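Everything below concerns the one structure shown next.
Labels A, B, C, D and E are assigned to the chains in the order they are written; within every chain, residues are numbered from 1.
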Amino acid sequence: MTELPTIDWPTAVVFAPLAGAILAFAWPRRAAALGLASVLVTAGAVAALALQVLAEGAVLTRLGNWGAPLGIDLRADGLSTVLLAMTVGVGAFVSLGALDSYAPARADDRTRRYFWPLWLLLLTGLNGAFLSTDVFNLYVMLEVIALAAVGLTVLGGGRAAVRAGLDYMYASILGALLFLMGVGFVYLELGRLDFAGLIAAEPAPALTAALALMIAGLLLKTALFPLHFWLPGAHANATAPASALLSGLVVKVSLYVFLRLTQYMPLPDELLVTLIGALGAGAILWGGIQALRAERLKLLVAWSTVVQIGLIFVAFARAGQVGLAESWKAVALLILAHAVAKAGMFLAAGRIKDEVGHDRIADLDRSPIRPTLAQFTFALAAISLIGLPPSLGFAGKWVLMEGAMAAGYWHWVGVTMIGTLFSVAYFSRVLASFLRFDRMRSPVAEHQGWALADAAPLILALSALGLGLAAAPILAFMEIGYPFGATP
Amino acid sequence: MVEPLLLFDALLGLAIAALAVAVLTVHDRFAMIVLFIVFGLMSALAWVRLSAPDVALAEAAIGTGLTGALLLTTLHHIRAAPAAPVPVPGGVVVANLGLCALIFGGLAFAFLLTPLQAPGLAPAVAQNMAASGVGHPVTAVLLNFRAYDTLMEVVVLLAAIVAVWMVERGTVQAPAPVLGEIYRGFSRLALPAIVVIGSYLLWVGAQAPGGAFQGGAVLAAVGLLLLLGRLYRPQPAHRPFARAGFVLGTAVFAGVALLVAGGGRLPFEYPAAHAKTLILLIEGMVTISIAVTLAALFHGREPEAVPVSEKSE
Amino acid sequence: MTSGLIFGLTGIAVFAIGLFGALVMVEPLRRVLALKLCSVGAGFLLVVGAWREPPEAPDPVPHALVITGIVVMISATAVALALIRRLHMLERDTDD
Amino acid sequence: MITALSIILIVLLVSILGGLIRVLRGPEPAERMLAAQLFGTASVAMLLILSRVMAMPALLDVALVFALLAAVTLVCFVVLAAKEGR
Amino acid sequence: MLLDLLALALIAVGAFFFVAGTIGLLRFPDTLCRLHALTKADGLGLGLTCLGVALLAGTAGEVVRIVLIWFFVATSSAVCGHLIARHVRRAANAGGR
């Protein structure tokens, strides 16, 4: 512990995966080993950073010692650190899952060679975005994430994946460019780009324009209804570990940035808060209907992401403009819950598809092969996504409902209930097919062994369930460094 | 009387907007790309008028020249595809037109209400120029004050080449076109000249408009001419060198940023005595990486050994 | 009337035109160009933000940002174009 | 002096815009490219004049890059067109 | 002063050639004619402009760069003109047979 202060942990958190990406790309034959090692080093750095945050409060690094606004600062407060831990934790288990999914028997050499550099570049971007305190720097990070994520989407190489990847690319670039235009308006008005400048700013027409542009861009990137059109195709057609990363982690970054910006630059009107909540409600209804109609398991899981994003935006709006200062806790808990559970669920869905050979929901119960452990994992993850106690999803929904009821916003309570009912309905479509045996034509074969590959999704699903018990300490940790209480 | 230069600006602005419309509406796809190149040239001129020669250089070299070349090769690859696969319903067009007109109105309104005299960061930059190690403010911002952004920008470039190599698989190589003696003579003359110009831009960046990105883009043009004239053919055996070239800039940049830390200094905090040397080192390596990466992005697919089974077919 | 004002409005117009193209166009290359128009529009706004009435020197920070933006945009364009070429190849092969 | 040069700049710009008609009308890709070459050269001329008008010698470097990149795009076009021809 | 006027005159005549080139591009009947008109016009136009601006230049370094620009544009447009002409001729031949 004595050498802790000499290493600057925020920098290490960004540079460790970058170094891994460079090595894994330059030395493809050792890509998996190098990649896994660098994910573990990153996890160590995040753990050290978390200890430092716990001991000292928010950690600030003034890169180049210039200090904002001339230079760029990295800042790790409680919220950033929790999200970093979420990213690297989910990432580490998905990496383990990827070792099996992209094993020589299952995937071609190309996929294996390119997965690791792309995933590590993605991790660099994600970590950088969570630590950023500068709007232009955020734009660059969003682009790093976008390019790496598109690469991961088309990793499978099929026609559907490439087409979905292209749609994703258009949406992603357009979102980033809307954000960049917003950055332009921020500089026009303020002459600086750091968060502190945003907090201190007086309302002005240019800032309203900036906020509108940035929010539009972020909503497109995070796929809030009706801007979700690119998500189901991209997430359903990617390979399972890539889907887990895309659905679990990538959409969360734009949510996080949205959260930061709207706290620092308050929405000018209560009506807008309601509008965003209404879009969330739309996502819950439309996504729910589509999930009920989905024919393939991975598509259903992808539509459930649309629903969950809607839910998170309802949580954002749950107490109106006055309650925004508190709503972030519900949002953060739901982000965390969805990341862990959805990553586990996508990996489990991938396992089921690998074992059974297809993922058509209607035919799942006709299969002679029963990947029992993967099915069990899927069910556990569904519990958290539906929001049953003691899961993390339950904790998030609880905070949401509490705030909505306290503010007397019963419509948000109603929407949340409807969303829950939808989740129960579409997940039970899948779970029922796991349990039914009567349509089987051949005797039930043994499942394909308790492969080590089942461990990663299982641990993720169990964490989603178990972390609900730790919701209170997580909430307390998130408040370290006053994410939204004081000037950073 | 209206000042003639302002009249020029107004005409240029109108021309740029008209070109943007023309790019989207012209039917012929080749004309679309040519119009886009002209649009880029005119935008660069406008940025010159706004006293931003660095930006004009970058836009002319990267945003227009190399992007234009990329677009031309892509059009060549997909020329068999129909120009307009599905007609868009008129209602959708009108609705979006209205939406975008509304957005234009709102943004223009906000822009007109904003005084253009915010102090900005210019005073802070001027104050710290002496400590930055270079004499040109834009280079100081790119490689010192906001070096972290620039590192991440090089990372974006790295991500792009990784993604492109992954996406594209060995397409059939067209036979080399015979360009004749005159072209060969031209390239013998032009290639060294371009190398000199690129290096000059890199070198001058410390004091005047220019620098790693513009220099790298000009050097990438050398790669383009080599590839186009089939004077260089990428081989599978060259892949390790190519990969080394792609990561060189990022690795050196990140390495220097980390290695200067320690002894009370933070990452990216170059020691004052060596700031100039370190920045030059980073710029040189980044230039090489940019040149190699941009040329590789133009070439597209990873050079792969053709499996024996496919060869025989 | 100043150069800054003229080109600021030009930039916003170009951005809006590009946005329209990105929303409406179906042809892959044209959509890429529409996005590129948006990025040039955003670049205009930043350069205008840096502009001061001559002989005063402009603010170098936005210039650096736009250069970064240009490099980022060519990276994104290259990936999008590679996807377009790959998709075309896959579709052509299945059509045959 | 400055006024006279500005007027020449306007003349050059109008001449470029007139040439655009050829790009729009075609019909040969070669003609469109030819028009683009004319614009490239005319833009170089405009930059040269602007370097006097705005008293910025750095614009000469910009002009140099314009000239260079125009050549590269032209070569790119010719090579790809030649490939198409066979 | 005389030098200034001379430079201005050179630049003006250069601009005139550009305008003439554009008119040729628009009015001439076929591709090869347009090519012919264009290469002459922009070569001369740029040459005169370069000469005029060089007369106004302040330092020797600027003059060197101007000469470089002229040289580069002249060679590259000559080569590209040649390549395009070849391409046009081949396309015509291929179409005629």
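Just so it is clear, a contact is a pair of C-beta atoms (placed from the backbone, for glycine too) under 8 Å apart; a residue touches a chain by one contact, two chains touch by 3 or more.
Here the structure is a predicted model, which is why all the values come from computation and not from measurement.
Student: Go through the assembly and pull out the chains touching chain A as well as chain D.
Tutor: Chains that touch both chain A and chain D, as defined above, are B.
Student: Which chain is most remote from chain A in terms of Cα centres?
Tutor: Of all the other chains, the one whose centre lies farthest from chain A is E.
Student: If you tally C-beta pairs in contact for every chain pair, which pair wins? Let me know.
Tutor: B-C
Student: What is the distance, in whole Å, between the centres of chain D and chain E, each centre taken as the mean of its C-alpha atoms?
Tutor: So the centre of chain D lies 10 Å away from the centre of chain E.
Student: Please tell me the distance, in whole Å, between the geometric centres of chain B and chain E computed from their C-alpha atoms.
Tutor: 27
Student: Chain A to chain B: how many Å between their CA centres?
Tutor: About 31 Å, centre to centre.
Student: Residue numbers in chain C touching 2 or more other chains?
Tutor: Expected reply: 15, 18-19, 28, 45, 48-49, 54, 59, 61-62, 65, 68, 72, 75-76, 79, 83-84, 86.
Student: Where in chain E do residues touch two or more of the other chains?
Tutor: 72, 76, 79, 83
Student: Which positions in chain D are in touch with at least two other chains?
Tutor: 16, 33, 35, 54, 61, 64, 68, 70-71, 75, 78, 82
Student: Once the touch criterion is applied, which pairs of chains come out as touching?
Tutor: A-B, A-C, B-C, B-D, B-E, D-E
Student: Considering only the defined contacts, which chain A positions touch chain C in the complex?
Tutor: Residues 136, 139-140, 143, 146-147, 150-151, 154, 159, 162-163, 165-166, 169-170, 173-174, 176-178, 180-181, 183-185, 187-188, 191.
Student: In the complex, go through chain D and note every residue touching chain B.
Tutor: So the residues of chain D touching chain B come out as 2-3, 6-7, 9-10, 13-14, 16-17, 20, 23-24, 26, 29, 32-33, 35-36, 39-40, 43, 46-47, 50, 53-54, 56, 58-59, 61-62, 64-66, 68-73, 75-80, 82-84, 86.
Student: Provide the residue numbers of chain B that touch chain A in the complex, in ascending order.
Tutor: Touch list, chain B to chain A: 106-107, 109-111, 113-114, 116, 118-121, 124-125, 128, 144-149, 152-153, 155-156, 158-160, 162-163, 165-167, 169, 240, 243-244, 246-247, 250-251, 254, 257-258, 261-262, 265-270.
Student: Which positions of chain C touch chain A when the two form their complex?
Tutor: Checking each residue of chain C against chain A gives 15, 18-19, 22, 28, 31, 35, 38-39, 41-42, 45-46, 48-49, 59, 61-62, 65, 68-69, 72, 75-76, 79-80, 83-84, 86-87, 90-91, 94.
Student: Which residues of chain D touch chain E in the complex?
Tutor: For chain D paired with chain E, touching residues are 1, 4-5, 8, 11-12, 15-16, 18-19, 21-22, 28, 30-31, 33-35, 37-38, 41-42, 44-45, 48-49, 51-52, 57, 60-61, 63-64, 67-68, 70-71, 74-75, 78, 81-82, 85.
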